[in-house]
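A, B, C and D are the chain letters, set down in written order, and residue numbers restart from 1 in every chain.
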Amino acid sequence: MSTASVKLPNWINYGLMPFLNLSVAFFISGLVVWSIGENPFEAVSLMLEGALGSGEGIGFTLYYATSFIFTGLSVAVAFHAGLFNIGSEGQAYVGGLGAALVALALDHYVPWYVTMPFAVIGAALFGAGWALIPAWMQATRGSHIVITTIMFNFIGAALMVYLLVNVLIVPGKMAPETRTFLEGGQLPKLDWLMALFGMRLGPAPFNVSFLIALVMAFLVWVLIWRTKLGFEMRTLGISPSAAVYAGVPYVRTVIVAMLISGGLAGMMALNPVMGASARLQVEFVGGAGFVGIAVSLMGRSHPVGIVLAAILFGMLYQGGNWVSFEMPNITRDMIVVIQGLVILFAGALEYMFRPAIAKAYGRLAKG
Amino acid sequence: MSDVAAIELFGIDKRFGSVHANRNIDLKVAKGSIHGIIGENGAGKSTLMSILYGFYQADGGEIRVDGRPAHIRDSQAAIAAGIGMVHQHFMLVENFTVLENIMLGAEGGAFLKSGTDKVRGELKRLEEEYGLDVDPDAVIDELPVGLQQRVEILKALYRGAEILILDEPTGVLTPAEADHLFRILVQLREQGKTVIFITHKLREIMAVTDTVSVMRRGEMVATVKTAETSVEELAELMVGRRVLLRVRKGEAAPGAVLLSVRNLTVKDNRGVVMVDNVSFDVRAGEIAGIAGVAGNGQSELLEAIAGIRKPVSGEIVVDGKPLAAADPAYMREIGLAHIPEDRHHMGLVLPFEEYENAMLGYHRDPAFGRGPFLDLEAIRADAREKIEKYDIRPPDCRLKTANFSGGNQQKIVCAREIERDPKILIIGQPTRGVDIGAIEFIHKRIIDMRDAGKAVLLVSVELDEIRALADRVLVMFAGHVVGETVPDADEKTLGLMMAGIAA
Amino acid sequence: MDGFDIFVSILGSTIRLSIPLIFTALAGLFSERAGVFDIGLEGKMLAAAFAAACFAHVTGSALTGLGAGIVVSILLSLVHGFASITSRGNQIVSGVALNFVAAGLTIVLGQAWFGQGGRTPTLPLTARFQPIALPGVDLVRDVPVLGPLYANVVSGHNLLTYLAFLAVPLSAWVLYRTRFGLRLRAVGENPGAVDTAGISVSWLRYRAVIVAGFLCGFSGTYLAIAQSAAFISNMSAGKGYIALAALIFAKWRPVPVLFACLLFGFLDAVANFMQGKAVPGIGEVPVQIFQALPYVLTCILLAGFIGVARPPKAGGVAYTKER
Amino acid sequence: ADIRPALVYGTGGKFDKSFNEAAFAGAEKFKAETGIDFRDFEPTGDTQGEQAIRNFASRGFNPVVAVSFAWTSAIEKVAAEFPDTQFVIVDSVVDQPNVRSVVYAEHEGSYLVGVLAGMASKTGKVGFVGGMDIPLIRKFACGYEQGARAANADIQVFQNMTGTTGAAWNDPVRGGELTKSQIDQGADVIYAAAGATGLGVLQTAADNGKLSIGVDSNQNHLHPGSVLTSMVKRVDLAVYNAYLDARDDKFTGGTVAMGVKDDGVAYSVDDDNRALITDEMTAAVEKAKADIISGAIQVHDYMTDNSCPKP
């Protein structure tokens, strides 16, 4: 009998299987480390130390996690509506422009907490704007959103480089980046939050956008499971034909879902641009949009899962930096490998163990 | 027809997860016969045949071909054993030509050149022999379904099938085409080939088969000689009891016209005109039934009225007001409810919890939450009420809808639409794949709606259902309403009308 | 330098820049026509480039490098195949994952083995594919018009370049004239038809992704040991995605793939040439315009403004008989 | 004093055979001479640099040398956080007391190799391939152009930049393609100021039998007989001197400008390229060098006004 349709309890679906998948990913990563002549156990312990061993480490971990929460939510919202948005990367990039323009315009005049709401709106608007055309193409012309969002990632990169190099650059400066924002354009760090737990943040750029991310995670939860729009999105995502029957307007729902998705991706820019470097730089997104896919997959598109998965990836990032610093033979790119393996095993090979588990479970349940 | 068995099945068993599609099935098909298989939707006919054709693997049991045990691991093995199958859902590559489709898997060499010539020759021969003519260079996409089916048959014959399985071939055929098909089947039998023929239509069984087997709920309940049985007996075997369930209903008291369809023309997704200039009225307090063989435009008509499908021309008038651009949400708003013919495809979102489906389509109702929000408490309370009233089992509104049985799923849909207390109710196949108990319950509800002065439009391919429920019967054929009659009209008249023969 | 020389120069450059696109887009063609979406082309190309450079460095032979590139690329294809055919995982996710793995692993291993920050040692001329002068080049070089075209556009490329141009008609032939091609096209449209014809869907799709890996092996090798003389981290630089765009632009057909790749290569060549030069009446055109143009064109195509690009119908979905 | 020196490279990577490798060589030289080991780090992206610099500082490494302008803002920030640590930034200026900024007169060095290029060119056309399009690289290009023109008033100079992002330092394929394009247009000497991208430039020039000019490190050995000369920029000295000064407690902040005069920039001659440089060329370039030192020649610095004088 086929095992594909055997029902498994939640603890297997959401606990055991992701755990096994992750374990394989890490095991293979360990093999890679070992094969280049380094000690994988040392690497793991360094990684944990780097990510969680100090207030600063935790600060960095959460800083990276913040970006991943935004992009993970972005991917998840689209996913609930049945859309695979792999354009979060580009939407975040363009979102950075929105945040930066607001910061540049206001930082002379108002304190950060006045700038912030405008920056949130600016980043979200620009990110959403960058999702609009692919959304429109999917909704009205049937162009596959996966392809169009890939294309828009590249178009966005070209656009941003052009703007940074030719328009936003500070005359006479070498790097294609905007001027540094004044305090009114910076999001303050969360030292106080760390202090509550008796830790020192140090220089880690863990900042207010983390709280914005948590608020967004909550709002996404409300949106998906507590609003009519979310209900319509989920209907569309699971059964387009039932959505037609139920009177869910296809074009509008697709576009709105993508705008929200793009907006969330855009807000990711708040974290690096206004929270950390206080200026807009080229390529500041650095792959966080793609990591969002992994985060959303691992978090099963649920905000709580996404926050947890984002923290896991944050640990990977920060821990990886630490490892590469301490073990010069392991470059930071090892993290890219681990990410890839996690995406592969927790995402694409999600069901690799399912048949075996289903069989074992079937036998257990019977016996 | 001889006594040698072309096919013998022993104890075939197949499960799909929790669905037990075939239970311990034995079957014997005589060589050189036409063997009919009937059974309700979901009885397991296609599954059994797909196992025979190597498409699915049985969980247990044995297959013998020509008396020898055959290990049919895949379709390749089936083809090698001389078995050909025309699937219920065609297995054609739509952007390929007829030629390419026929060659696929039987190319006769690593390069296509030599094979194409052979296929052309063979096609010509088959055309002459059976009158199966079709342009080898036509692209499947552009062929009408009847011809597509012909390509499927040619595929099987080209591969030298001695045993030909046809899974519901007539569902997509016009009566003339069906007759042509039957002549071919008879011709095949005369050549000593064996035909297994699946259908829902008892008349066809009576017309063309030598033997008939009946399946019910995954089991093979009987195999009888066609000559020794009757339509009535078969129907009883199929459903498990006398079919003619007459629900008690009083006289209709038709009132004002609530729904009016005027010169409606509708195309399907392929752009084929499925509803052609159709007009009729439905009055308050009556059930208008639309009878017809599946695929004669009923589905498209329903979808157009429900606002799901845009008509090409014509108009729909509700309560005297013509509707411009209808959409399903708007139709609901003005009091038109729709029980779709396919609950899995449209009526329900199976992974949703029951309460979510209990409001599907009405989720924008302020009663289910203010502004943009959903009031889950209110929604669940409402769902529980319906569960109670419709005796939906298990009575748990937090259970995933997929985990309810077919009958209970259908009750969820009915409860949702009927309890809105619409002015107009349009219904497609209300009891497809539903057990007897649920059928009676649902029929009762539909009559109640009528008695409460609603306009009910009922579409069903089950003639008995139409006759049991409808106050007047419209017959659809090839996109037209070919006539109107009373439900008590004799079966022969109705059957002829459905076949498009008499007016 | 007159207009004609510029033209010849840009054409030569177009060809050099198109070659990796052609191989890669053809790779995508085989995979996607069989119903397996592949956005991991980029990663395969990169991994192949790395393997080719490593082996060419160690053995001193370009052909060994090519072999290694092909093998590694096929291995990645098999992983993608396992994920998307056998495990019925999400093909997009698998592609994204492999791109990550390739991008990271090439640097990690390169750094560990050569200690040059992910770069491999520079190869001597003998370990690379060298330009081949076609017969008669020196005789005709001075013939007006045709001479320079023959000498600078047609002749003087390396083996892989000529192979790329051969690969196009060969792919078309395989796709449209062989049994394998017929089945491959069928399985991307309706795997059920293939299955019921007695052909294994999985094995067919595996063969398709292996062909894709094989071709990506060529494109990666070209990057590392024909066009350049070493592997450099991330040297595929998005070419896999451009190739994907070219594939869509060509509506999944081999000969149009060639022209789409040449077009995108041409845009790149023009961008290089036009850099810092003013277009009369317009002024200096930012290079970013040229960089974005392939993607913009593809989107316009996808939006249905220049014909419709209809992807293989069964593309991106794993084949399952049992729901 | 007891020092724990640290070194953070630019994103081109430690072994770019050019800029970063020069820095590495300086640190190695210091280590060989003093026996004092150093720690180094190769950031692969812009965001990593700051973290690495801070890591070094917070762990008591001192002095911390960051080569590449890309770390300007990072040094600005971290130097303020660690006022007791001594920092060095190369190629950029950070105005803080504990930061030594080392800048080079690349325009002067480029002028010298420009003179050589102008004289070596038979076609009267020479090329320049830059890395990332930033004022610093335009400064190289501008000096080169002036030198080439001084050698041959009618010379035509092609100029291309590889890109506008950090990736431009590490794109030998495009570098090679740009070189080929310039060769097709007639250039027979091409100067690469593009980090690792330059490897592709030198390679392509060698493959096509043309001359090239290396940058930062002495790159003559990469393709002997094809690399005309290299514009060496003594980044090694910046690193070496910083460590030495720190050890001897002589470290000072402020800006250090290194030009032709202090051998901070120069053209290189060794066995690999001696045959390519005629006596006449040597004479001309030595004269130019002397004139620059004496002030008789004022090479225009692009970065003073963001423009290059056209003839």
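Rule of thumb we're sticking to: contacts are C-beta pairs under 8 Å (C-beta built on N, C-alpha and C of every residue); 3 or more make two chains touch, one makes a residue touch a chain.
The chain lineup, named per UniProt: A, C = ABC transporter permease; B = ABC transporter ATP-binding protein.
What you see is a predicted model; the values in this text were computed from it and never measured.
Contacts with chain A (ABC transporter permease) and chain B are shared by C.
In this assembly, the C-alpha centroid of chain B lies 77 Å from the C-alpha centroid of chain D. Taking the mean of the C-alpha atoms as each chain's centre, chain C (ABC transporter permease) and chain D sit 35 Å apart.
Averaging C-alpha coordinates per chain places the centre of chain A (ABC transporter permease) 38 Å away from that of chain D. Between the Cα centres of chain B and chain C (ABC transporter permease) there is a gap of 47 Å.
Counting only residues that touch two or more partner chains, chain C (ABC transporter permease) has 107, 117-118, 233, 288, 322-323. Residue positions of chain B touching 2 or more other chains: 16. Chain contacts: chain A (ABC transporter permease) has residues 2, 4-5, 161-162, 331, 333 touching two or more partner chains. Inter-chain contacts occur between A-B, A-C, A-D, B-C, C-D. Per the touch definition, chain D reaches chain A (ABC transporter permease) in the complex via residues 40-42, 44-48, 51-52, 54-55, 58, 69-70, 72-73, 78, 81, 91-92, 133-136, 164-166, 303, 306. Contacts from chain C (ABC transporter permease) toward chain B in the complex involve residues 176-183, 185-186, 189-190, 192-200, 313, 321-323. Residues 1-2, 4-7, 222, 226-232, 234-235, 238-239, 241-242, 244-247, 249 of chain A (ABC transporter permease) are the ones touching chain B in the complex.
Those residues of chain B that touch chain A (ABC transporter permease) in the shared complex are 15-19, 59, 306-308, 327-332, 338, 340, 345-352, 356, 360-361, 363-364, 368-369, 372-374, 376.
Chain A (ABC transporter permease) makes touch with chain D in their complex at residues 60, 161-162, 164-165, 171-176, 180, 202-203, 272, 276-277, 279, 281-284, 286, 321, 325, 328, 331-333.
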